[in-house]
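As written, the chains take the letters A, B and C, and residue 1 is the first residue of each chain.
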Amino acid sequence: MSNAPLQLQNLCKNYGALRVTDDVSVNIEAGELHAIIGPNGAGKTTLIHQISGLAQSDSGRIIFDGQDVTKLPMSERARLGLVRSFQITSILPRFSALENVALAVQARSGSSFNFFGNAAAEPKLNDTAMTLLARFGLAGRASVPAGQMSHGEKRQLEIAIALAAQPKLLLLDEPLAGTSHDESQRLINTLQELRRELPIVLIEHDMDAVFALADRVSVLVYGRIIASGTPQSIRDNAEVRAAYLGEEAA
Amino acid sequence: MSVNNFVDLDTPAAAALGVPARPGRVFVLPLVVFALFALVPLLAMQGPQSFILALVTRIMILALAAMSLDLLIGYGAMISFGHAAFVGLGAYSVAILSSHGINDGFIQLGVALAVSFLFALFTGAISLRTKGVYFIMITLAFGQMLYFLGTSLAAYGGDDGLTLASRSTLFGSKILKNDIVLYYVVFGFLLGAYLLLRGIVASRFGRVLRGIRENPVRMEAIGFAPYRYQLTAYVIAGMIAGVSGCLLANQTEFVSPAFTTWQRSGDLIFVIVLGGLGSLHGAIIGAAVFSLLADILSHYTEHWALIFGPILILVVLYARGGIGGLLGSKP
Amino acid sequence: MTLTLALVQILNGLQFGLILFLIAAGLTLVFGVMDFINLAHGVQYMVGAYFVAAFTAMTGSFLYGLALALPTALAFGLLLEVLIFRHLYDRSHLDQVLATFGVIIFLNQAVKFVWGAAPLNVPIPDALSGTIEITDGMLYPVYRLVIIAVGLAVGLALYLVVNKTRLGMLVRAGASNAAMVSALGVNIRFLFTIVFGVGAMLAGFAGAMVAPILSVEPGMGDNVLILAFVVIVIGGIGSIRGAFIAALLIGLVDTLGRFFAPTLLRVLLDPATASQTGRAIAPMLIYILMAAVLFFRPSGLFPSKQ
């Protein structure tokens, strides 16, 4: 019996006749940053959807923090501390950056079935949110509507929101997608800090980032994990090179 | 997955909501509106008082129902096309109790609230399982269901409706017979509902509701289950609309299944879009413009709907954000 | 006696259901393919009835009237599409609902303006005005049987077009994924116009067919519209097959419910209460049915989008 915080056991998912997740079993150990890589269409985002609860699995089990969460909706998994970010930036565009984060703080602090009092003026929520924004270099942008921020800022905000929800494990779906070189450098630095605080599952296309950050890497091809191991062993794996890395290099 | 199934968010009023409002300016327009309403009976003494009182009372009742719908559509992105059903429930609560000799206003109001609560809970629980177009149509159908129930209640007038023996009594007194008293009672309810809803949309609950309007998936991802919040808002809105039905029955001293038709629900949506979605006081402005327009046009021609319909189309096509948007009432 | 009476009610329900199908077919396709909520679809039915009334009066023949009414209804639908609906496809559902609600308000008044508020009567054509004996001593109007036959024929034709032709394939593809059809290089606007035109004409046709057995009056499309909504919601938006099955279901449940509910309740209640309760419950049956279907299947019986 493993006590890994996140255990995927024989997960499957079909869309019609198409099997997008095929018998995926992997344990995410405490304290590790586990990267999942694979060519486009390998089913990486679907897997994150299944783990986070946005998509339900057809079979298999997901054990999080010692609890079977396979059938739980996304909101309940989030409350248990299994929190995700989105590949396509998913923020509340008309809310200020501060309110985006404060709302996630609110989710884990007291009841939200509270019909009186001005939520936007609650110091307890705003102070925590402000601290998080500051950590991501967004303190000066707190009152800007999130929809009007730059792409790189939105990617930072996305992670700040996820952290505000008090995760015990973080699922990051291509946090570097579409960022400039400088922005992605900044995000990589952020992730370097975060990996010391909690286990992270990272989906990423940027191989330099993956090999710089990951403790372990799993390679997903056509919904199957074809290899799992240290970055070095993955780099040296012939099957992986044929299926995936070779393609990238060519 | 679509980020927002219900409401297009490109209206200026909606744009304003997420950002903390600069206090002060936001409250100027509502303050003016309520001050005007408070003074109407005094001003009306200079003219045809009973006509003006009746008209403005009607406007305030319409505004009350529309404002509750604004909580759903403007803040919660739930396009309910059956909101008039609750107005009908409130009105029939008064009329049916009255026909059995129970005229006490508090009992009638209590029953109306209870019935609205139950109907909202039942229909909301089913409707909110669906999304987008399905939600619009299922609410519409539930409203229509109530309409047909009304028409088949032979004991209570059926199709023809039911005339009230008397207006509600308060503490045994027939004080509501006085149109000015009724006016201020309606005014009180409108002001009370406005303050209540203003509080709710700014509260923790309201912020979650607004967040769900913006991006339900994001809200789930940080741990909020949209269904419970939406259902709660649906019930609150239904109960407020039920109150407006109580007042309507007292004002017209008559109820009819026609109160609950989907055309009435459509009128309510028209009113809040006309006044500007997601601002609450927009519902009041919309109700005033809607009623005055209908009143004035019907003075000139019996075919006033020939003008009214195109106005609605033009507002949708060209005046997004409604009158509130045109007045620049955004913070 | 009861059996023959039941048979008559079943035929009536079938006829009502097929009329609902003619209206719902266009509505569900327009919804499915264009993601466009057209509340004004019901007025198309009303306008069809008015056109046939006007043209029948003009030509003295229902058949000529029908022949003229169909293309006119089509032209009218396309005119509305060009003038108003086209500007709404990219808008939110709320905008679509409101603007088409405005169209209803206008057209309900417009027919009053043109033809007066009093209901018009369209005579049943002589050749079809008789009755035939379906069982011993039970007569049924020929014209209603004609409606059933025509409804079934149109249903079959639609089924063949949607399932067996290239156009039908595009429509089905469009209903499940409009962006993909567009990406295939198909002129989606043109496809929209065809689907819309056919839908409008079918609704007009339904109105024209019932004109001889119902009174033609302003607002006659409004309640039918709601029923058509119930049909496509139960059937699953975008599905012709779903619309067909749900329309028959609604037609039968509504007709039989009104007839049998008071009788059935007599088992439980005294006759007077039973008949009153029965009459109160009967019109609500289809909405209860819809609520039940959506409770278990929030996207209807045959959802075309996954």
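Going forward, a contact is a pair of C-beta atoms (placed from the backbone, for glycine too) under 8 Å apart; a residue touches a chain by one contact, two chains touch by 3 or more.
Every value quoted in this text rests on a predicted model; they were computed, and no experiment measured them.
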Contacts common to subunit A and subunit B (chain labels): none
Identifier of the chain whose CA centre is least distant from the whole-structure CA centre: B
Farthest-lying chain, centroid of Cα atoms versus that of subunit C: A
Intercentroid distance (Cα basis), subunit B paired with subunit A, Å: 42
Mean-CA-position distance for subunit C and subunit A (Å): 48
Inter-centroid spacing, subunit C versus subunit B (mean Cα positions, whole Å): 31
Contact footprint of subunit A on subunit B as seen in their complex: 1, 3, 9, 14-20, 199-200, 202-208, 210-211, 214-215, 217-225, 229, 232
Residue ranges of subunit A touching subunit B (in the complex, touch as defined): 52-54, 73-76, 78-79, 83-84, 86, 90-96, 99, 103-104, 106-108, 110-120, 122, 143, 145-146, 161-162, 164-165
Interfacial residue positions of subunit C with respect to subunit B in the complex: 31, 35, 37, 39, 84, 87-88, 91-95, 97-99, 101-110, 112-113, 222-223, 226, 229-230, 232-233, 237, 276, 279-280, 282-284, 287-288, 290-291, 294-295, 298-300
Parts of subunit B lying in touch with subunit C, wherever the complex brings them together: 5-8, 73, 79, 81, 123, 126, 129-134, 136-138, 140-142, 144-145, 148-149, 151-155, 262-263, 266, 269-270, 273, 303-306, 308-313, 315-317, 320
